[in-house]
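I'd like to ask you about the structure that follows.
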């Protein structure tokens, strides 16, 4: 199968959906001629014109608000938010308006929009351009949250997001834009709420999101060399969350580590760990362990930044301890 | 001891600190003559004048930004955010600026400010005036988060918050403003990161935050009548979190329920449950159970709204099941 | 009064619509005072000529966004009393199945995109609706209602910039009632409100919001021009709210005095004055106007009684409508 | 040029400061091109007269807030090359101990409240600093630097409203370099930028940002008036950035052409033109100016070398400075 970059995969998904449905449009800063600073959208304005690939002023709350209004009245906007860190600027429009409109209107109004943005540190971009803030939106009922972990996932999830009748937030990993993966030429969509088992195993389950799926896969390889068999699962969407698949794996392996690039405290790993603890408790041989990013603003210095995110070695280490029963001492 | 309302307790804390330190000031909408819609600040403008009790235009991001700048340059602002739901409007100033400035400046700049706001549903105020959004700020390193559960707590925590050299967010429960509790005449402060054991017990631990402390206490009374001895703990601050006290109780009772009024998913209960599971796993007889608000926007209709928040009966029910070992079937 | 031609039917409909709003609010206030209404609500009484003057210049296909003080806009855009009172009381037959209440009320089928409890919260929504209209080649216009206090929200300037850059068919209607909660406008608004729109190259007007014909006249002209792509526009409407900021705001002497209230209520009431004009022009007699009012008040009373008896939504509704359904067929590759 | 009186020392310091900025940026660019600098950075080259003209009108007690394009402001407000290059390279001796990097650089001890990676993110901070000054009776002034693109952020209008209402000692300095990333200003800014400030009752000026004396002259006057409580003020400074939006933005033909760049670089360079003027006025000879530049360039080179060798922060620093310490003694009831 041909291999394309994550960047290209997102671009294809958008182009296909814009061809299929003329109510789909893109709005954001420098999305047209510039194709975004990450060049993910290059070429789209040439095909769809500036009426459907709309460059905005630097007014995130404003254009997010426009997207909500357009979505409520019959369009399907894809909002481009240049950095995930800017989500703080649009929280009111996203969480007080988009997320609640369907419910507050008693089901009468829909807000079918996609907010595409990114996450991920280690790009030396410092504290305001490196955050992974998906836990915040996952906390707000009415929003769906997708976390693609490869080019294949990015394309399939984006297409589903655009067709979904709700506000969907997709966080791409900034560091993965140039990563290639096999992506079929034929059209496909990836349904929300269906986790992907990337690797079957029996000793321990590694649940990873976004770029942390790669980290878990590499950890699994390290562990395999030592005779530890790790199962690797990517939930794909954290809202809705495919509890069944996660629970089945936890019940099978009896040991689980959840790895995510958001801050650990009050984050995604806490939610997934809690659900597994609650519903598979008596099957577990060890506590579900969480590995998130450190609870510190992301430092600029390379000497510090790399310490803040989970690594394959770190995950493998933790797995070894769990398998060896060493977490007993922690308790 | 005299009993005063939570409202009066907050008012006293502010007055005392403003007398003690002339760099303390209050800024927000209708805080001066009107004393806020909840009348919590009544009388302060008379004593301290409009230069220190400042009425602003309806510009939450703006006055939050002003507070950050004033705090960075030598003042101690107390920002009044009329409803906790408006925190979405000020997230950038709070989370990208206030929370990160100390770290990003390598420790050179401080942002000693207090954001006082509220949480709590069942006031028939619908989805945009009823949220309990403390989990969101707790996720952001650099912010401290206090959740007073009574007039006594509100006064002591507010005074500590004002003297703390960091941005502190205090969420008061809107429904508790008129609730009275004994509050000493003498000055006192409540340190951050020290949980309060309100009731000792041996069969189960009920951890409650804010108004849910009352819910847990009432549940404990119901349980006591049936011979179940419940320990009730109020963490007081969720950042910093007094893990030691929570863990010690969990190890003792072997069963824990965490109750909080924020949405359950990706919320405060997940974090506390995860920490206990991680660090007291082998002492637990049952999974740590979470009881948060339902994952739905808060509905206006009284017939629906009351269903969305944890109740004493619901907590007692869950406790009975845990004590009876019934959660085994859930697993 | 205004110079746009109207026929008697138009005049009487405007009169009726204003009376409907006043009657709705009087009943809502009573419901609150008699503790039959859950929560709080913000009365539109006194500002009727704004909502009616503007909405009577719109078609059902045109959209509006509304505010926390939204009953007037809702009635003016064509809503029915029963479904409104049901909403106010949290009943299943309400426009939002009781889930929205006063602050989110809207008759969606008449193009009302919703009241909003976030001050300024709908400015983006209105502008986005206009963007959609332009993009899809539809000639509908969107009116964004908001208060003088809301002009402090930065969002307004962000969306006016885009509306101006892209000539969107949106009309920003600033209801300047002189107060933002318990604070006078002059204490919280520097400079000039209309100049703020003009600075973005937006044509701005400031008019008497108590004169329904003047409001309607100007709006008709601007709507017609907006349909042709000459938008956006900004209108400041000088008006007054008769009640407190919300129904519970009874003792308001500390921020505004009774004389001021009297001047507006007695001298500038939009309904009384328009009624007198109709009489003077021979459009209707005092008796005819009284009959209109009586009929409306009776309808309101009946609707209140209906709503009081109506059923609450079933408990099972609590987690319905969090997410809209998506037809699985549309999620197939060949869809 | 300007009419405020200066002595030669002032002139030469302004010249030197502009050359310092240029030299700093040339070295930063080289560090990037030779892959020695982590991340990206935004060059201030071409805009030197803005930062220097303004900061030379300020004392160390006056504050500034800066932007993503913040090296120029940092140098102009008195920072040292070594600590700046150390910061750029993430070293412990950097102004922010390497934790901030280019986008958060600041010599805090000279009143720089920080570069900011959120466009418009420091508008509230600057205005709040001015509020503190007024409240505490201090006569310092705060200058808020931001770009033309940042005028699209609603926050600006929120804080200008408050600054105007309360006569705060803040000067909004809009560096209009014609571009917001890869987009021309006229495509994203409707109406007039200065009119937007004037609509809030703020006195606004638009001047040539390439003329350091004109900038300094105007700023001196406005600062003096702001100290007396006559603020706030707004200045639009017309300028140009020589490099791409950031150091990696090399192929920019699709959004601006080489001729335009040449016109500014060759005809309107703030350093060359001021140098010529100094020569013409007999303040300094070409050789003297050359000597100044050589010395600065040597200093920059040495600072780069120093920074390249300097130590990274220790791993233990990673979770330091998340929270500031609070002296336990102040938390006692009797404190």
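The letters A, B, C and D name the chains in turn, as written, and every chain counts its residues from 1.
Methods note: a residue touches a chain if its C-beta (ideal position, glycine included) is under 8 Å from a C-beta of that chain, and two chains touch if they have at least 3 such contacts.
Small disclaimer: the values here were computed from a predicted structure and weren't measured.
K.L.:
Of the other chains, whose C-alpha centre is the longest way from the centre of chain B?
P.N.:
It is D whose centre lies farthest from that of chain B.
K.L.:
B-C versus B-D: which interface comes out with more C-beta contact pairs?
P.N.:
B-D
K.L.:
Averaging only over C-alpha atoms, locate the centres of chain A and chain B and give their separation in whole Å.
P.N.:
29
K.L.:
Hey, how far is the Cα centre of chain B from the one of chain C, in Å?
P.N.:
Result: the chain centres lie 36 Å from each other.
K.L.:
Need the CA-centroid distance for the pair chain A / chain C, whole Å please.
P.N.:
40
K.L.:
Quick check on chain C: which residues sit in contact with 2+ other chains?
P.N.:
If we look for residues of chain C contacting two or more partner chains, we find 96-100, 104, 116, 118, 121, 152-155, 158, 161, 165, 187-189, 322.
K.L.:
Name the residues of chain A that each touch 2 or more other chains.
P.N.:
Where chain A meets two or more other chains at a single residue, that happens at 56-57, 59, 61-62, 85-86, 89, 92, 96, 103-104, 126-128, 141-142, 294-297, 299.
K.L.:
Please give the residue numbers of chain C that touch chain B in the complex, ascending.
P.N.:
Residues of chain C touching chain B: 38-40, 90-91, 96-104, 116-121, 149-150, 152-154, 180-183, 187-189, 254-255, 312-313, 315, 317-319, 322.
K.L.:
For chain A, which residues count as touching chain C in their complex?
P.N.:
It is residues 23, 25, 51-52, 56-57, 59, 61-75, 77, 92-93, 96-97, 101-110, 112, 141-142, 144, 160, 163-166, 186-189, 191 of chain A that touch chain C.
K.L.:
In the complex formed with chain B, which residues of chain D make contact?
P.N.:
Its residues touching chain B are 63, 65, 94-100, 104, 106, 108, 113-114, 116, 118, 121-133, 135-136, 142, 154-155, 158-159, 161-162, 165, 320-326, 330-335.
K.L.:
Considering the complex alone, what residue numbers of chain A touch chain B?
P.N.:
Those in contact with chain B are residues 85-86, 88-89, 91-92, 94-96, 99-100, 103-104, 126-128, 135-136, 138-142, 238-239, 262-263, 265-271, 273-274, 277-284, 286-290, 294-297, 299, 327-328, 330-331.
K.L.:
In their complex, what parts of chain C are in touch with chain D?
P.N.:
That would be residues 152-158, 160-161, 164-165, 187-192, 195-196, 198-202 of chain C.
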